[in-house]
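Consider the two complexes below, in which chain A is the common component and chain B and chain C are the respective partners.
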Partner chain A sequence: MADKGDLGSTLPLSRVKTIMKSSPDVSSISQEALFMTGRATELFVQNLARVSLEQGGNKNSLEYKDLAEVVNSVELLQFLQDIIPKKIKAMEYLKMMQKMQDEDS
Partner chain B sequence: MAERPEDLNLPNTVITRIIKDAIPDGVNVSKEARLAISKAASVFVLYATSCSNNFAMRGKRKTISAQDVISAMEDMEFDHFIQPLQQCLDTYRRDQLDKKEATEKKKKAKEQESSVVIDLDTNGDSNDDNAEDVEPEADEDYNPEEEVEEEEDEEGEEMDSAKGDDAEVVEISDESADT
Partner chain C sequence: MADNREKDEDDLSIPRAALNKMIKELIPSVRVANDARELILNCCTEFIHLISSEANEICNKQHKKTISPEHVLGALESLGFGGYKEDAMAVLEEAKQVAAKKRTKRSRLENLGIPEAELLRQQQELFEKARLEQAQLEQQQFLQMQQALQQQQQQLLQQQQQTSQEDDYS
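Let's look at the complex of A and B:
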């Protein structure tokens, strides 16, 4: 499995480069750095999928809530919290707002 | 630098394949989960780029290097990515070297092409000859018995059919006698 992953399934580096260039202050990227970022992203996707499946309740399916749970609980995934927020019901949200108002007053 | 917003997404097909390779077969990945992972991957690229760029700027360099990406992984606390990435980098560098050498060799090879081709041909022929030498012997060990059996069978069949013919002839003659 690991060997297979190392050989195949490569992200298009042209697209990775576009994303990298969209970051402010970036002037130029060496070919090696581009390649490395692509690989790192692959590792990241594999890791995120695996960990979310392991931590999730159902071993036969990977759901959004599994990802949100992992992103919320794992410290080094904090940078994803705005991208994959935990979903809450409107009722819970209203309760939260109520609580905050109570605390303020 | 006017990229369309969809240019900042990574292709779904590739993301889906990477996810499928990472988890056991038969696990269902919901569409929402796939989209979330895809977005997360884009954000990861941006985050890594920003960190790598910081290292480049600190070193007063304009170009992000492979080492900057590795330093960024350490900074982001994705330490467990460093070793596989280092390995990837080593193979990548070796591949690039091999490619360079291959193109240089091609130039040289073109000059020596004729002699090399002749060498290969003679080798190939001698190998073929050996193979042919071995096979017939093996056939000789096995075939005679088979052939004998087949011959016996064929003879038997011929005898049977001959008898059958005789019988038919007899029947016909009987019929002709009746009519």
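Let's look at the complex of A and C:
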């Protein structure tokens, strides 16, 4: 099986394959399709990190909230919203709950 | 604590080290928080699921059994990641070149441009030559041994004659 050494890519293709196959219904994947998916994933990570850094407040550090912000604001990344709940402070949460209660009554 | 349970499918992700390397190469001087890394890792896995599900759907619609590069390209396009297509296709080209290089390397070693029959003939010649040389060597050794033996015999004979002469005079 082709491994990362062959193409100089960083992601281990065997792992990518395992993840792909854990998707329901996926049976077999051609080697070339695997290469492509691996490469696309690399590009995705690079883009996500870079954009988050650029949008974020500090150019020298990348924080969780930078990523969360981008995911919530870019439509393309909507599929990530379930796994990246934006962390909010307890105070904000309480205020939110209060507001909802007020609206119901 | 026996940790030999089978790896839960939900635990599957790209190895942390691979991700760290990618980040390091991309933004070397940036400090990346640990929880941010963990998050990127999960986003990675989610992305792979997204692409493979979509590609699989396209594959099924075409009544094919194996997901092909075309299916992956189609998935990227329909999910809004069409911008990755060019780069993704470049990877295929790279893979072909790597495979081609391996083939020429192998055939170059195998053939040296000489047809197989000729190679066989040359091999036979070399064997024959080696056999002859070995035979000659053995013959030489035999002759030398024979000579040495003869010399020894002569010496013995001379010694014997001397002692019998001495006997006569006693």
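Simple rule for what comes next: the second predicted complex is superposed on the first by the 96 of 105 C-alpha atoms of A that agree within 3 Å, B and C clash if a C-alpha of one lies under 4 Å from a C-alpha of the other, contacts with A are read in each partner's own complex, and residues count from 1 in each chain.
Everything that follows uses one rule, which is that a contact is a pair of C-beta atoms (placed from the backbone, for glycine too) under 8 Å apart; a residue touches a chain by one contact, two chains touch by 3 or more.
Nothing here was measured: the structure is a model prediction, and the numbers come from that model.
In the model built by aligning both structures on chain A, chain B clashes with chain C.
Applying the stated contact rule after C-alpha superposition, one finds that A:Ala40 touches each of chain B and chain C. When the shared chain is aligned, no partner comes close enough to touch A:Gly57: not chain B, not chain C.
Common to the chain B-facing and chain C-facing surfaces of chain A are residues 4, 6, 9-12, 15-16, 18-20, 22-23, 25-30, 32-33, 35-37, 39-46, 48-50, 53, 59-64, 66-68, 71, 75-76, 79-80, 83-84. Across the complex, chain A is touched by residues 1, 3, 7-8, 10-11, 14-15, 17-19, 21-23, 26-30, 32-33, 36-37, 39-50, 52-53, 57, 62-66, 68-70, 73, 76-78, 81, 84-85, 87-89, 91-93 of chain B.
Considering their complex, residues 1, 4-6, 8-12, 15-16, 18-23, 25-30, 32-33, 35-37, 39-50, 52-53, 59-64, 66-68, 71, 75-76, 79-80, 83-84 of chain A touch chain B.
Residues of chain C touching chain A in their complex: 9, 12-15, 18-19, 21-23, 25-27, 29-33, 35-36, 39-40, 42-53, 55-56, 60, 65-69, 71-73, 76, 80-81, 84, 87-89, 91-92, 94-95, 98.
Per the touch definition, chain A reaches chain C in the complex via residues 2, 4, 6-7, 9-12, 15-16, 18-20, 22-33, 35-46, 48-50, 53, 59-64, 66-68, 71, 75-76, 79-80, 83-84.
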